[in-house]
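Both complexes below contain subunit A, partnered by subunit B and then by subunit C.
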Partner chain A sequence: MEQKVTAASIEKKSLIGQRVKKPDAPDKATGKTRYINDMVLPQMLIGKVLFAGRPHAKIVSMDISAAERLPGVYAVLTGKDAAGLKFGFVRDNVPLKEKVLCEHDEVAAVAAETEEIALNALSLIKVEYEDLPGVFSPEVGREASAPQLRDNFPDNKSLRFEFKHGDLAAAEAASDFIADDVFRPHHVTHCCMGTSCAIADFDNNGKLTIWTQTQYPYNYKMDLAPALGITPGDIRVMQPPVGGAFGSKLDVYPYEPIAALLARKTGRPVKVIYSREDEFRASPTRQAAIIHMRTGCKRDGTLTFRTADVLLDNGAYTSWGPTIPVIMMRTTSGHYRVPVVDFKAQAIYTNNPYAGSFRGYGNVQTTYATAQQMDILADKLDMDPLAFHLKNAQKSGEITPQKSFLRECVLAECLETAAQATDYSRKRAAYAAERDKPGRYKKGIGLASSIHNAGGAKIHKSDGIGTILKVDDYARVTVITGASEIGQGIDAVINLIVSEELGVPLEHVTIVNNDSDIAPWDVGVHASRTTFIAGNGTRQAARKAKAQILKAAEKMLGEPADTLELRGGSVVRDRCGTPLIKLDRLLRQMHFQAVPELVMVTDYYEPNSEPEGADHISDHSAAYSHAVHIAEITVDTLTGEIKVDKITSAQDVGRVINRMGLEAQTEGGIAIGLGYALSENMQLEQGILRNPSFRDYKLVTAPEMPELEMHFIESNCAEGPYGAKGVSELPTIVIAPAIANALFNATGVRIFNPPLSPEKVARAIYEKQQSGK
Partner chain B sequence: MSLETEIKFTLNGRPVAVRVPATMKTLTMLREVLGLTGTKYACGEGECGACTVKVDGKTLNSCLMHAVDCDGRELVTIEGLKTPEGMNPMQQAFVDHGAVQCGFCMPGMIMQADYLVGENPRLTREEAQRGLEGNLCRCTGYTKVLDAVASVAEKKCCGRL
Partner chain C sequence: MQDIKTYMTPCSVGEAVKAMAAGGVTAFCGGTDLSPQVESGARQYTATLMNIRRIEGMGGIAEQGDSIRIGALTTVTEIRRDPLIAKVAPILAEAAEHFASDQIRNAASVGGNICNASPAGDMINPLLVLDAEVELARWQDGAVATRRVAMADFFLAPRKTVKRDDELLTAIVFKRPAADFVGYFRKSGPRPALEISTVSVGIGGRMSNGVFRDVRVAMGSVAPTPLRARNVEAALEGKPLNADTIRAAVAATSADAKPIDDVRASAWYREHLVKVFTEEVLNHVLGN
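On to the complex of A and B.
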């Protein structure tokens, strides 16, 4: 095949670790992006939900006749219309309720021409309730004297998890010091800026199309189907752009089947969208828990055991929240080298709002305890916490009691990097010496670390992803993938990987990942898995396409495929970069030859990990990673206000793929962690949320953001794409205990029930002063 | 149905005339009557800044302002920042600095940031932080937002914009 070589050689330039812009950013920055909240379909009706507004009650009667008669109303549904449509993790939920078990129970729903009419219709529904005594804490709920909330759950016991390893009695006997504390992580909620929304539409063959904010489109079908009495195969899931998710869209919530039931009843598309107040009251929470933790060590600082007895506030229904012990126990057993472990967790049904999954999934709560107990023990040992952490830090190749195989472990490097960058040991000693001297403002420094899965988490039989990749006649690449984009930036990672492998410009890659009828299966965006799993899937698919292209090039150019490369939109000689043929030209020649050939490949990537299993002893993730955060704070001892001056993080990221995305995920994760630590708190009184607005539920704002210094440690994960590990949950996980440890360093007080609000801190300082300690 | 009033105002440089109910908020008018969905609802009570627009050169929360009060005024929304030549420098800076994640807060955030730098080309990072206090973002931690604002301020300041 003759081919004139005129162009200069094309150098090899890797994109791995570079800064790549999100392809969706220009439309988002200009207001062009059509979020699900913005969508309007022809013939569409608006659905609104009537919430019970009381935590526990019988519905004595309901009169919907006036609502039904209102002009512009097309359907009014109540619990009777949803009887038997059980869904949820243990099938304990229905879309519309005949009995009230929590404040936001959906007791009726309306579809109308406009929102105004729908709201008017809701106000015409007359419900008579008979209030019942409720259960508002798991400690009360498990007592025999407590009201029984459900027939087949004695003592209100929902899910239970246990894991034991080693001889506890012997380990206790061998311990010189034991930390023994009760931690009470609180209820917080996701606060996605785009409120919950679903649009449902049935066609006349009985097939449902649902536009949703889901972050797990395939299992979503399986979970939604029973709520409608249809089969998962009859559901098409569409994923328009969303205003955040953070784990909150990892389950089916009642508004989604409600939209579908209204659509079925009216034969028209129905959109249900929440107001901010609805969102606060009726969307999932982070699981509140009571963690009784004990950790032992020897005089030389060697850890001997850790136990955790956890009581979870299940809330009224079982969503993902009460399943967090799966990760809580991994942290309890795997956060530092702990030879003996005893973990139990019991979830108790209450009449509180129910928890879903939330970035950090259980590990936020557990690390709040483990990382403070490390500090508490170091104090008892009179040892620098850094030295104590280093003494117990695992190394590459170690296996935790639950069989998490820490193939590449750089915990010690993370500790040393963060400590060095902050001059931790010196400052800590200096601040401690200042602690009891007079002065209103006290400085403190606190170190915390954690471990998290970083290569998926095989809680289903498979943790894989399907990818279809095609390269067209113009060398434009389309990646059809199960990986969902929820704002986190997977699209940029996929573009980067395709560009890296196929040598095409980033802008020549299109991603299709918003339609379950088109894109192949994926578990979903959770467990910090998407860059790892979808990254590997994309790379495998791209490499298959590349092999096909280079084989064709070999035939046409007469040069061996293994000496050729794809670079700068051309086929080049790998060694010298001499371009031999433009890629688009080659592709057209492949297409229009005697035996036509198109480049379209499929791939299924399954990570090298083991299913979680009932005994929880398995290598459930293909990678694990660590992060260390050091918080530097100033405490106003008079008002109790904590000002976070600086956060320094050192995290094992495996390998940086898109540096800009990685920084962005880390910064955003830290911000959510700061809110959890300092101000966010759902104020529940007898199951009723008292602060359902941004005025009273305080998120971190721009002026409160401290200086951030981020160190990305590259452990080069053998299984990860280019060595990368999953990253996005750890930054949220480690912040609160780092600040709590800094608070102790500054003032000598410890807060076991976050958030570390000014009132709590001021009171603790006052009490400490009064007791003269 | 509440009483409707006809109002006339300038929207992104073009004259508009619409009939709106007396109770309608500017945010609803923009999104539902005029089809400009770039401006976002995220709280409806002046607490988040997602609905920020410019009215007579000053930013405000369009969820709090009655639509009828737009009569005779000049409104600019996120859609109006872009020119035929391309994105406005603030929009471009947000894209270039990776300040956009889910993006839902961004129309409001960018409107406010653009306003701040317009008012004060010597805007410091601390001033930007304070000036953006009313704009909530759940995704970014504001760091890249502030980087973007600082980069525009710097260019403005040395006359490169």
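On to the complex of A and C.
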């Protein structure tokens, strides 16, 4: 067939590493986006939950009759209606409780015509409690004298993890210096701008449709089903736009089965939505821990061993929080070259709120310890921390004691880049020399690094993703993917990759990823995995489509497929870019030919990682990455206020895919890290949250964001899409220890229990001065 | 939740206080204290909700003889931007500068800040330093009757003042400070916006020939009410301001500040900050 060549040649222009905007940004910026919180279904009722408001109690009696009689109330449920509906990581939770184990225990729920009626109904429920002595710290909880919170968990012991490698006694004997400290990372919570919300609706065949904020729609079915006594196959998960998740939606929490139970009882859709106060009280937290860490080294700076004895505050129920040792031990054994490791962690049930997963997943807590001990040891050695870090930095090809294979490792380059950009070594020495001189304001500089999985984490049997890709008669591409979008920007990445592979404009790509009846399997948004996993899946699917298209082009144009390319919406000659036929025209010709052909491909991508086994010795991620962040601060030694002047980061990102998304993930990660380091703190008193509002729970606000300088180091990951690695957790992980190290540099005080609040800093400096040290 | 039966928007003080005389009226100005308090269940609206923002003659900042009169409806933003305040009482503008955020400052009134009677009220502190009086109006014998109360005598307890339920706060009045008056305000909090004072300290007085006179020291969040720190004042009054008097003033703070532990800070930290701020503000005065 002869083609008229009309257009000039089309140059090859790669989008990889360019700045691409999020497709939902204009709608979000203009208020057009309909979040789940905005959704209204016909006949929908509003569900409200009655929280116990006390940490540990027996429910002596409950009278719901007045609430049931209130006009406009359609259902009132109590623990009796949920008996036996056990769910959760170790099946220790039920949607509604018959016994109170923490402040936010859900003891009753109401569905009513309006929120006002539902709230009135709650106030009419009479509960008589008998308060019981509680357990509010894991140290107390593990004592024999402590109240036993659960029959089948002696000494309140929940999950336990261990990992040992090498001869500890010999390593200790060979050490010239040992850092030995106890760190106490605290309770914080995610503070999603969209509060928790679920809408549930059963059809008459018993199939549940649930609109939720979940970030793991497929395993979510498996986890939700037992809370309702139905099978996972009877659940359809819908994912409307959400106002944040950050790990908080990686499990089923009671309000979701409560919405479903109310829907089943009333036969109508029921929406449960939290107020901000509910959100503070009833959302998962970041896991609080007590970390006794020891790190040894020789006089020349070579690390000899690291031990961690970790006690976790399990809270009242077991969600993802107490499973963080899986990552804590990777950091303990893999943050720098540590030949000998001894890690153990024990979670203890308490009557505190319980933890879920939260950006950084255990690594925020562990790095707070490891990265400070690197600084502490450097001081003992009287060595520049940079030199100390470099001496122990792994190189490409090294394998950690847990068998993490660091195939492409650019830790040294990250260290050198960040240090050079900040003039770190000189400033650190100069500030240290200033610190005991008079003067109210002191400057400090602190370096912290960490390691994190950057190619998924195979903690399930599969860490893969399914992708379906179709190209229609107008060359519009639809990607049906398991990858959830919770604000992190996989939408822009998928558009970019499809555009890169198929040569269609970014705006010609549509993503369908919000209906579990349509989109195929994916593990979920966690472990910094989505760009890595879904990026690979999308690329593979797009390449299959491309191969099909070019094969058809070969037949029609009579030119070999391997000399053709897709560019600028056309099929072109790869070498010179001469356009041969418009892509949409070719697609129509494929469709309407004698033997019709549509472009619809499927793909399943499974990373080449190994499952995390019981012994924790496996290459559980397809890639690992490092970040080095340097914080420069000014401390008001009288008020204790820390002003962060600048954060400089150098991170191994493998390869930049969407530069704008990467910058945003880094900035957002740093903001969360700053809040954790400086001001965010759930003030728990005997299990009761004292600051359930943004007035007294202090997020970092825009004016406090310091200057940021980001360096993206490209290590070109062999397994990653175009060489990319996962990026989004590391910036959160390294901030607090970088600031803590800077605080020490400025003032000589070190704070082991974050946040580094003005009061804590002022007090530590005051006490240091009083003791004349 | 209490149902609001009537909503009214009086145009004159007379109309407002006449309605208030009947009882059961909640005055609503910017609503920045009221709405969150009702929302959280800490208090309830009464049967009549009265929007007082349209009352004529209750806004604006003006000079009246040797006094400055600030209408109760004046917003924190207006105070922050007012040229007269900038000239005669910059301490008040300084406090407005560190108040909440733009959105709140645009709605929040100075009258509401005073009537809310929080020990952390940021307008109260500089007004105590300026020795201001509040003007209260009520309906009596068929006419509007007003009285004046010194700010220093106005507060009884958290959220409790000498203002009767049927009284409207109409204005704040203070003498135009003398030419040699200096005053500074300091509040704590690392967050540049949206920070409730953990502690605030305001100090003002006349500085001439190195001697500090008519000294007034106000403290916020160190007691159940905002207070005048009489012991600190005594340590400074009529004395030359130097390192020794500053040291004495700092020492005297513990006689005035009786803070408690709460979610925002411990008593220790508040006492510590009061000392730090007292010294800092006095050094500022000295530096001028």
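In this text, the second predicted complex is superposed on the first by the 773 of 773 C-alpha atoms of A that agree within 3 Å, B and C clash if a C-alpha of one lies under 4 Å from a C-alpha of the other, contacts with A are read in each partner's own complex, and residues count from 1 in each chain.
In the analysis below, a residue touches a chain if its C-beta (ideal position, glycine included) is under 8 Å from a C-beta of that chain, and two chains touch if they have at least 3 such contacts.
None of the values given here were measured: they were computed from a predicted structure.
Participant: Mind working out whether A:M193 is in touch with subunit B, subunit C, both or neither, as first, second, both or neither?
Facilitator: First partner only, subunit B.
Participant: Quick one: is A:T563 in contact with subunit B, with subunit C, with both, or with neither? Answer first, second, both or neither.
Facilitator: The answer is neither, since A:T563 touches no partner chain.
Participant: Regarding the shared-chain residue A:V242, is it in contact with subunit B (first), subunit C (second), both, or neither?
Facilitator: Only subunit B is touched by A:V242; subunit C is not.
Participant: Name the contact category of A:E667: first (subunit B only), second (subunit C only), both, or neither.
Facilitator: Only subunit B; A:E667 stays clear of subunit C.
Participant: Per the contact definition in the header, classify A:Q43: touching subunit B only (first), subunit C only (second), both, or neither.
Facilitator: neither
Participant: With both structures placed on chain A, which of the two partners, subunit B or subunit C, ends up touching more residues of subunit A?
Facilitator: Comparing subunit B with subunit C, the partner touching more subunit A residues is B.
Participant: Looking at the overlay, does A:T701 come into contact with subunit B only (first), subunit C only (second), both, or neither?
Facilitator: In the superposition, A:T701 contacts both subunit B and subunit C.
Participant: Between subunit B (first) and subunit C (second), which, if any, makes contact with A:Q593: first, second, both or neither?
Facilitator: So A:Q593 meets neither subunit B nor subunit C here.
Participant: Taking the stated contact definition, name every residue in subunit A that is touched by subunit B in one complex and by subunit C in the other, in rising order.
Facilitator: Subunit A residues touching both partners: 695, 701, 703.
Participant: Mind listing the subunit A positions that touch subunit B in their complex?
Facilitator: Per the touch definition, subunit A meets subunit B at residues 19, 21-22, 24-26, 28-35, 37-38, 190-195, 241-246, 275-276, 486-489, 660-661, 663-664, 667-672, 693-695, 699-703, 705, 708.
Participant: Of all residues in subunit A, which touch subunit C in the complex?
Facilitator: Of all residues in subunit A, those touching subunit C are 116, 120, 277, 638-639, 641-643, 678-679, 683, 690-691, 695-696, 698, 701, 703-704, 758-759, 762-763, 766.
Participant: Would you tell me which residues of subunit C are touching subunit A in their complex?
Facilitator: 1, 40, 188, 190-194, 196, 263-266, 268-269, 272-273, 276, 280
Participant: Going by the contact rule at the top, pick out the subunit B residues touching subunit A in the complex.
Facilitator: 31, 36-45, 47-48, 50, 77-79, 81-82, 87, 91-92, 94-98, 100-107, 110, 126, 128-130, 132-146
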